[in-house]
Amino acid sequence: MRKELKFTVNGQPYELYVKPKTLLVDVLRNELGLTGTKKGCESSSCGVCTIILNGMAVKSCSILALQAEGAEITTVEGLAKGDQLHPLQKAFLDYGAYQCGFCTPGMLASAKAFLDENPKPTEEEIKEAIDGNVCRCTGYNSIIRAMTAVVNGDYKEAK
Amino acid sequence: MLIEGKFTLKASIQKVWGFLLEPGTMASCIPGAEKVEAIDDKTYECIVKQSVGPISVRLKFTMVLSEVDPPKYVKAIGRGEALGKLGTFSSDVVVNLAEIPNDEVEVSYQNNVNIVGKLATFGERIMRAKAKSVGEEFTRNLQEKLKSKTAG
Amino acid sequence: MSDKYAVIGKSQIKVDGPAKVTGSAKYTFDMILPNMLYGKILRSPHPHAKILKMDTSRAEKMIGVKAVLTGKDTLGRKNGVWRRFPELCDEEILCREKVRYIGDPVAAIAAVDEETAEAALDLIDVEYEPLPAVFDPLEGMKEGAPQLHEHAERNINVTRRIEWGDVSEAFEKCDVILEDQFHTSSQAHLCMETHGAVADFGFDGKLTVWTSTQSNYYIQVLLSTMLGLREGDVRVVKPPSGGGFGSKFELDSAQFCAALLSQKLRRPVKIILTREEEFTATKRKTPMSYYVKVGAKKDGTFLAKEVRVVTEGGAYTAMGATALTLTGFYSCMPYKWPNYRYDGYRVYTNTAPTSALRGFGAPQAYFAGESMIDVLAAEIKMDPLEIRRKNAITPNYEVPGQAYIQSCGLKECYEAIEKHIQKRGKLPPNRGIGIGNYAFMSGGIFNWFNTPYAFSAATVKINIDGKVDLFTGACDTGQGSDTTLAMICAEELGVHLDDIRVHAEDTDLGPADLGSWGSRETLMNGNAVKMAAADAKRQLLEFAYAKMKPNVVYDLDIKDHKIYMVDRPERSISYFDIVQDTIRAKEGQTVIGRGHYTPHRKGMVSPAWGFGVQAVEVEVDPETGKVKLIEIVTAHDCGQVINPVGVIGQVEGATMLAAGGAFCEEQPMDNGKILNPSIGDYKVLRSLDMPKTVGIEVDTYEPEGPFGAKEAGEGLTSPTGGAMANAVYNAVGVRIKDQPITPEKVLNALKEKEKGRKKK
Amino acid sequence: MINDFEYDAPKTLKEALSLLDKYREDYKIIAGGQSLLIMMRQGLIKPEHLIDIKGISELNYVKFDSNKGLRMGALTTHSTLEKSPVIKKSFGVIAEMEKRLASIQTRNWGSIGGNLCHGDPAGDLAPVLIALNATLTVASIHGERNMLVEGFFLDYFETALEYGDLLTEIQVPTIPSNTGTAYTKFNVIESDMATVGVGVSITLAPKEGHCKDVRIVLANAAPKPMRAKQAEELLRGKKITDPLLKEAGEIASTETEPISDIHASAEYRKELVKVLVKQLSKEAHLRAKQA
């Protein structure tokens, strides 16, 4: 039996009916077409499904959609403002902080949620912030450099 | 994984052997055995219930006395399939009897326990632990059964 | 970086970047087609078994199930990439009579949704007769071992001998001879996007497959063979790909089963492997038992090396045959061994097939080889770096009958690493720095795939607005080949990077290319692209000549949208005008340039070689044996750097994968069952585990490469294993010869050492 | 593949308890679901009813007063503990432990109650709570009962919870003066579960400075979190010295019954217990002296 789900994703309010067993990631991808958020494991361990829920980085593959009732969600599609990329996105481009790009949406979500809460972190804190996100291509250090550049204010938020 | 051990019984080797081969002795030692049914003198079928925390499975378990060399050696191969295709559980038991001084019998056993299938993918360590405890319980049961019989 | 270039040598944002950082890149994983079905694959739970009976009727009756296919529904052909050797094409993909490893596919289902397909798997009844199985290659080689394939007695799949000089005689002349046994473990590729495909077989008899692959040409050829189609009837498209690392240039079960189901149903079918399937039923790194014997003079001159390797092949040949060959070659590198002998055996076992993993046989060879060199250095009391430098390959050297080395920057690499080590000075207790060297091919010369096409080809099309379409068969899996090739094209044509649009994803558009593996794209495809761009440029210059009237057309060149006199740069005309004129003059035909590259010197391994020296610093906790990676510094020679930010990415990414393999990644098995088939249980380095990394590019020019460029991809995974083992030895004095170097192994070794000390 | 189930999301404890009573044996409770959903995805657990308590706000709190000590609602998330000023100040070891418990994403959503009820012997939270002599409250429609966290665990993934029960609160008594506590886990990859974990709490006699009380708790060294009581015995009442701590480690190691698995052999786990008990006791002792 489907149940009602009301939440806001990337500023857009939605009213849906979902099966209780549906995972949040599947609602985002299949119902809302937000396929930026990926799935990479069945064990809540790779982090490619990371989104921002009420300001926190969470794994959307390990949350029932109905548990997001009333939540404010941001996915990778919600980072840019119009044609203006988010500072993290610009930094990721300049520092080559992605290769195959499959972990990038989750990586950006972890990075943004973290920097929003802690804008002046140490390098160790930056590493902790993305430790839940596996990247097989970059070796992480370019991602850390990109985040550091944003922390240092090298990139300005679009007005 | 392998579970090994030995214990001694005060009885003649023939007597111990007899009990060991008695219909159902082995099968009835399987922990969580809900029902045991002899198909023939070498084959037993039983329904076994096992659980790890929140997970519980019923296994259809068949045990075959594959090699019998009276009165010293018996090998029993057990194969269980979890109802609902969750996985399979196998247990290969070898029991050796040897006469030792002052007419005692040394019973040494090896039990090779293995779980494959979905069951195993849920935290490998847990399933190994479970398999270990099941294997140990089996051999403990066997020991007690033989002791009680030889005593009686 | 040099200023003689306008585009290359300067960091450029990768062409696929904007789509990837905004989540708009559409992977195979994301694809949905109208009327699409979802497929699942049933796999063997047994390591080795006869298939006695298969009953699919219960599954077929399930509502929502559209088809259930088994081996009977195939042509019964066997797949393999070594097409020149039919007996090495040994994988049915859908097994008909026999399964050979846990995970071998036996049936494929298509249903209206994933859930139905998955549920239906449980309704297929397969009756197996389990057969005796063999998991250890050394056991498998013995007489009377269970045999996997009729054609392979004692399960010997491939053997390889490489030899020059007279090893036995040379060992007589050695002052010091050392021998030892090493073992390297299995490793998973761990692509973040699991293998997957969407296949659409139309009523026009044409098949289109969208798939995450490193070689859409290979998949096109192999699929057409397996399905009995003509190559031209199979179109393979590669959307952005979530990683390959060597696991995605062979035909896999998702591609084959999706295509087969679609062929029967004439509906699009999507199959995405689960993470567990990815771990247990795709290819993996080749584990090796590695015996090595080295001999040298007192002064450190290398005289002879002998290597015997037995690799765990798994159930099928895959690319493992290549790994066996390459290990044999890499085992002599990057040094001048006057006498050398390698004997390699690849043995079938009832485990998941082993194949290529970034490094392709090199990390195994260098783990053992570089460990031995440190032992040798200690034996003759010589500095480990000195002994390497003394014997290292130099430019314009021929490895007897194996390779012509042209450019080689090892000398500069040693200097860089030496500086680094001196700068570190005396280390605190339980710290150690170890070094490792490597050489790696820039693509292979061998053609066992047996393609009549050029190894790489490219077409450049210049449009009326000066925009350039670059068509190539290169497969960018994230490493950045699209960008590298666009940069080479822009540089050669004298236009800007954003003038170039790369079409590299589609066998209908791009010319055939062997794909991205063996670190081949920059050199091979780069040469093809450069040639195509030069061809197109030449056509423009011929028309420019009429306007500018130099003595010869060679006096003209293009840079930054200007066609100019090479020796009078101030005299120039607009690129855009000449494009217009040229196209008008060609009766409106766009300007097309064509290029291709196939390496010459058949019989040699590769046309060019990347080199490097790496220093790994570790700290070991003597009480627990835990090794902490502190810093990894790599000086490497990849010729002319095309895209610096891309090269750094290759250095760091390769380091992460190699350090993982050396440090913690493994796939323990129990009766052929992989025990850690989840990212939760499989240990992969994460940000907190990743050490500081430094990449130093030494400047060389490779005559064989485009603008002097050569490989910078796979080779970088080579030195870490040996360097780390050497670092651990230098830190606490124990030598681990069995990868990965786990805390438990280190602690046990420390205890042994303690015992030994007490005895004395 | 997750099975279909009936879903209820009670908003109050009362509602929840009556639902548990109503559905008897065929329900599962989900809070953060960080462990449960993995098992459900693998089809290992197929509840007919899933009762989602995540939304019961009355079970989500951290309260402290100097007599009663610390009280934490079962639905409090890990990251709440990690960031709570009062915990950082007065129960630093909890914040320390939380920082290394799983990934940030998991800590943001997972609840401490769910963590305990999962009953994983490798869990980090239980050993710390046991070292701090924590208690917990279990509620059912028949009322409440309290027990030591130590007594909560029965076997692998098995707890004292019975059908109808709901873990509602965890209480940590105020840490006595002159007490030092420390926790660490050994793992190869930072984000891994504990190969073994060790939590130690040492209370020193104010004047004499000998060990007045001590608790040594081990994770993943047995089917459930366990106290190394013989090792505690050795230390209790004695002046703490390095040789003594070394001995304590060796004794603790003999008390364990770890298993061999893909992460480590039983023998190696015993070795780790030796070393970590020694190191952590030393650390706890140091902290006790500074306290």
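A few points about this structure:
The first chain written gets the first letter, and so on, giving A, B, C and D; residue counts start at 1 in each chain.
Note that in this section a contact is a pair of C-beta atoms (placed from the backbone, for glycine too) under 8 Å apart; a residue touches a chain by one contact, two chains touch by 3 or more.
All figures in this text were calculated on a predicted structure; none of them were measured in a lab.
Averaging the CA coordinates per chain and comparing them to the mean over all protein CA atoms picks out C as nearest. Remark: among chain pairs C-D and A-C, A-C carries the greater number of C-beta contacts. Once the centre of each chain is set as its mean CA position, chain C and chain D turn out to be 44 Å apart. Remark: chain A and chain C have CA centroids separated by 30 Å (rounded to whole angstrom). Look at where the CA atoms of chain B average out and do the same for chain C: the two points lie 48 Å apart.
Rounded to a whole number, the gap between the C-alpha centres of chain A and chain B is 51 angstrom. Of all residues in chain C, those that touch two or more other chains are 276, 675-676, 678, 680-681, 684, 686, 688.
Shown for chain B are the residues in touch with two or more other chains, namely 1, 84, 121, 124. The set of chain D residues that touch two or more partner chains comprises 38, 42, 190-191, 262-263.
Per the contact rule defined earlier, chains pair up in contact as A-C, A-D, B-C, B-D, C-D. Considering their complex, residues 1, 52-55, 84, 86, 118-119, 121-122, 124-126, 128-130, 132-133 of chain B touch chain D. Residues 1, 3, 19-21, 23, 42-45, 47, 50, 53, 56-59, 62-64, 66-67, 69, 110, 114, 128-129, 131-132 of chain A are the ones that touch chain D when the two sit in their complex. For chain C in complex with chain B, the residues that touch the partner chain are 45, 102, 122, 276, 670-671, 673, 675-678, 681. By the touch criterion stated above, chain B contacts chain C in their complex at residues 1, 84-85, 88, 114, 116-117, 120-121, 123-124. Chain contact summary for the complex, chain D toward chain B: residues 28, 36, 38-39, 42-45, 119, 122, 155-158, 223, 259-263.
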